[in-house]
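The two complexes that follow have chain A in common; it is paired with chain B in the first and with chain C in the second.
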Partner chain A sequence: MAGPGGGGCPAGGHDLQWCFSQVKGAVDEDVAEADIISTVEFSYSGDLLATGDKGGRVVIFQREQENKSRPHARGEYNVYSTFQSHEPEFDYLKSLEIEEKINKIRWLPQQNAAHFLLSTNDKTIKLWKISERDKRAEGYNLKDEDGRLRDPFRITALRVPILKPMDLMVEASPRRIFANAHTYHINSISVNSDHETYLSADDLRINLWHLEITDRSFNIVDIKPVNMEELTEVITAAEFHPLQCNVFVYSSSKGTIRLCDMRSSALCDRHSKFFEEPEDPSSRSFFSEIISSISDVKFSHSGRYMMTRDYLSVKVWDLNMESRPVETHQVHEYLRSKLCSLYENDCIFDKFECCWSGSDSAIMTGSYNNFFRMFDRNTRRDVTLEASRENSKPRACLKPRKVCAGGKRRKDEMSVDSLDFNKKILHTAWHPAENVIAVAATNNLYIFQDKVN
Partner chain B sequence: VRGSSMSAEVPEAASAEEQKEMEDKVTSPEKAEEAKLKARYPHLGQKPGGSDFLRKRLQKGQKYFDSGDYNMAKAKMKNKQLPTAAPDKTEVTGDHIPTPQDLPQRKPSLVASKLAG
Partner chain C sequence: MMLSKGLKRKREEEQEKETLAVDTWWLDPSLPAVAQAPPPATSSSLFDLSVLKLHHSLRQSEPDLRHLVLVVNTLRRVQASMAPEPTLPPVPSPSAAPCVADSLLASSDAALSASMASLLEDLSHIEGLSQAPQPLVDEGPPGRPTGGSPPSLGALDLLGPATGCLLDDELEGLFEDIDTSMYDSELWAPASEALKPGPEDGPGKEEALELDEAELDYLLDVLVGTQALERPPGPGR
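Showing the complex of A and B:
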């Protein structure tokens, strides 16, 4: 599937070989709750990589310029800026504790020297401007070099201030704080292709905002029933189409996706398309609905397809076909015989994300035991890799991992029972143009890239 | 509308239907897991994805402080002091009416992220 940008399958159809590049974060065994990474996102160019954590902090990494002496080695990502995006709050009126955890970060396309991103917690969305300052003015007339005001009567001559270079300073400032327009918890934000508006979705409603206007938003989807006793499904994710500014999709806890067209009506409660895979009623169990709940939905870069992640699989849908997905990839089918324990320890409610490669030829999603899975849509091959400090020698190739579902376990296979369910990879990101991926493993951020010849 | 197809079963002479269900439990790992869960929690609701579960999800973050209770208690007491919690108590229970001051303070993160080196 050819799309904008490079990346994806190299010529000859050889499988990609992934190598360790960098790992960020502390090595301590004791992970502080605040350090758990809750979102990872590359900017449009891929030069910046942002992470948000449970403590409400954002860390942005920037890719180094490529080293001229090693033209084929890709630049490393180093810290560019870090700031406290959200603080914990308590809503006394509603008796609600509002976590500072950053649920999502979405970059805006770059329009000038500064970079802009949206970050959100459960209730409040903020637009942050990240700008560089590498010059400062000297020789003011009305104040001296220390900044103290000079007595205007003592000034006998005028001078023109000059700009002098200074050490690079990267500043982050909140340019917009969007008023609280969500009764429930925000799970998604998505910037429109018009670069002027964006949507935010909570469990029951989706709102449309203009980036310049903080005190008003339009409600475009409302699935709240009149009687809450009749509640049967919630919104789990939403995203704008990458090319058509009037189209967006939202997924539900019942495993369905609705595509809406904002031209058809102001309130998009009636969908334009409804995507649902038919289910065999005889195979239904207590767990069926829970594991069908979609935790993430992402359009392909081409805008022709979308991908959904439910508990055990990733599905690719053709927007032209509502009746069933065109591809289904099993992430960790061996967990189907562990659903009882996974329900008891709440793991069955874990929300995994998924992402496309730049050319849409491959997709990636996380699993347990710090494993993550990649599916090549062209060769139909898949691989399981692990984010671990044991494989963290520079440019060390990652060895494929295998989990044995049952029966005879081979030497280098892991048994399902020895998987660590506390090591979850929920958030991953793929560089928009190259084969560079960022994988969040609890409090550590791993960066891998494909083998450079 | 997807409904649940489970029903309470009474072990009796196995009819063809019951036999199929028992077979399903053997062949389908998911149904086997379901049987395990129901054995451990016999009172588990019949509507697994339904309103109880979803409503709990929507109530995440709810605390016990009730401004209505608090103001009514204040009005009743008039000039008297409200019973306050013992200083070492982390949980507020009983006659004590929680006040905003009693709620465990969420300290904002003063420490920089460890990802930033």
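Showing the complex of A and C:
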């Protein structure tokens, strides 16, 4: 794991040049709702890349090993396993349909040959084991090669079965199902650094689980008011600290972040730290609260910072300073004057995620029109790139895009009014060690690499 | 896309300001003057829009709580900023919506549609503002949160205001000890409950009705009878 500022990535030293690597998914104009990607996550090593979609499926891609005969294929991600994680369910008690959409996937650190991940929909979390099988046994005594049982009276001799190689088969099996612990919709799961526990958060509560125990979970945060009339705030995201197993944070719809220490009390309703930036009175509007609602919170790999994403910006916070963020990066400030229209068409409620580069020197988040933004924290430079089929020639470098906020539009700029608000990049992921990024654009997954790579 | 083009200001080529085409319908909220005192007409549009969103949200079988809370909070903000019009009847309309917004959150599950109906009824009594949209007309009768398809309204027609057939005195005595709170909050209001008086109820209430209005009426009866809204009675209620 790269350390703070520097590490293995040369990101801090020069401007990154991003190039197209691959795109996965159908080319059709007509997008099936079930194929819309709802989460993207690299494994701890970066060799595996998982996506979840609205149809409840998980697709895992594996990075190809370096192969001298196919030098171009080095580093390419190809399908490794596909499985149906969640099915649509019906809650008979409340007469509600439970969506099968995968809200989040989180990998567990690898401990043996098999890979484990947690996937969750609105109500149920599942632990999946993905394992390889490349041998099979032949020469059983009690059954013949077809699998049919042999007549015991016909068996006259004993033989030892032998292992023979077979075509690689990747199997996914559900090992644990963590159900019935959430009344409201699960928005986050986060594996603890102890690798034994994890948290799951819904709109009003956060539960702590042990990976081995499915019939019990501990409630560690509960913000449900006694009187629902008094509800003014919900939990929007939660994450464990990457190094301190007793610390986690959760964000709210009012733009606040609370850091909690599980050692201080069993129920962490009282925070240890409270992060909130005071509102700028000059930009106050009816939509101030909605745009301050935090849609994602992520600790830096170093554990010293955390990043929050609200509607218009990404903020980096020093955990030692609660009064205001240490950095604020504008994602698409040109939308500020369009907030009413965006409220009308509900785009203002879109939940964008954000991610850190492996060395924490850069951060990335999505926007509209299939644009995504990257901010280099060292050089203070930012760039807007686009995930589109037009820019999809192999190893073609991505050209920076620009949105014209007003006045005379230059030739290669886009005007705000021509942005496609149906093409949103909500989910992005950065390889933990290299400059490889995965960007989900509706039903397509784009993989880009740094030119140096 | 709903982004509308408005008047464009001429500017220098080199300048790149953030504010762009000024939307004539909704003034730029980043200007302090506008943010502090929005014209009542635009606040009203935002109010109506928020109510519509709330209605949409509540009609989901399981509303997105974040969306709901954010819309309700926005509604409260808009309502708080709306200056009372002199032409309004002395109905405390600025406080009605937040109160109803509160009750909207309080009444979960079965009573959601009843609360929503009350909110819509409130809006139709607020004069001086644009007419509240009638989403029921566009989208059909409100579905109860307990079902996928809208409930059959045939039953409502049978239960006219005068027919309290299910809750005759005789029968009531028999079932006195049974908890009927689940039934009280649903659509079949007993005739003995105090009906909402008021001249505004006249049009369309006693006459041949569209199903929508009949249902609203009964929902309101239930609401007035069973829910305590913090709203003093006044003309029209």
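Throughout what follows, the second predicted complex is superposed on the first by the 432 of 453 C-alpha atoms of A that agree within 3 Å, B and C clash if a C-alpha of one lies under 4 Å from a C-alpha of the other, contacts with A are read in each partner's own complex, and residues count from 1 in each chain.
Assume a residue touches a chain if its C-beta (ideal position, glycine included) is under 8 Å from a C-beta of that chain, and two chains touch if they have at least 3 such contacts.
This one's a predicted model, so the numbers in the text were calculated from it and none came from an experiment.
S.K.: Following superposition onto chain A, is the placement of chain B relative to chain C best described as a clash or a fit?
M.R.: With chain A aligned, chain B runs into chain C, so clash.
S.K.: According to the stated criteria, A:229 is in contact with first (chain B), second (chain C), both, or neither; which is it?
M.R.: A:229 sits against chain B and chain C alike.
S.K.: May I ask you to decide whether A:408 touches chain B, chain C, both, or neither, giving the answer as first, second, both or neither?
M.R.: It touches chain C, and chain B stays clear.
S.K.: Name the contact category of A:353: first (chain B only), second (chain C only), both, or neither.
M.R.: neither
S.K.: Under the stated touch criterion, which partner chain does A:345 make contact with: chain B (first), chain C (second), both, or neither?
M.R.: After superposing on A, A:345 lies in contact with chain C but is clear of chain B.
S.K.: Between chain B and chain C, whom does A:337 touch in the aligned arrangement: first, second, both, or neither?
M.R.: Once the two structures are laid over each other on A, A:337 reaches both partners.
S.K.: Touch test for A:386: chain B only (first), chain C only (second), both, or neither?
M.R.: Neither chain B nor chain C is touched by A:386.
S.K.: Using the superposition on chain A described above, determine whether A:184 touches chain B (first), chain C (second), both, or neither.
M.R.: A:184: touches chain B and chain C.
S.K.: Kindly classify A:417 by the partners it touches after superposition: chain B alone (first), chain C alone (second), both, or neither?
M.R.: second
S.K.: Just checking: does A:96 make contact with chain B only, chain C only, both, or neither of them? Give me first, second, both or neither.
M.R.: Touch partners of A:96: chain B and chain C.
S.K.: Name the residues of chain A shared by its contacts with chain B and its contacts with chain C.
M.R.: The overlap between the chain B and chain C interfaces on chain A comprises residues 95-97, 184-185, 203-204, 228-234, 253, 281-287, 289-290, 293, 336-340, 343-344.
S.K.: For chain C, which residues are in contact with chain A within the complex?
M.R.: 1-5, 11-13, 15-23, 25-26, 28-30, 32, 35, 38, 46, 49, 53, 61-62, 64-67, 69-70, 72-74, 77-78, 81, 102-103, 105-106, 108-109, 145-148
S.K.: Would you tell me which residues of chain A are touching chain B in their complex?
M.R.: My answer: residues 24-26, 34-35, 37, 51, 53, 55-57, 59, 79, 82, 84, 87-90, 92-93, 95-100, 122, 184-185, 203-204, 228-234, 253-254, 279, 281-290, 293, 336-340, 343-344, 443, 445.
S.K.: Show which residues of chain A lie in contact with chain C when the two form their complex.
M.R.: 94-97, 184-185, 203-204, 227-234, 236, 253, 281-287, 289-290, 293, 333-334, 336-341, 343-346, 349, 404-408, 416-417, 420-421
S.K.: If we count contacts the way the header does, which residues on chain B are in touch with chain A in the complex?
M.R.: 1-2, 4-6, 24, 28-34, 36-38, 40, 44, 48-51, 54-55, 57-58, 60-67, 100, 103, 106-109, 111-117
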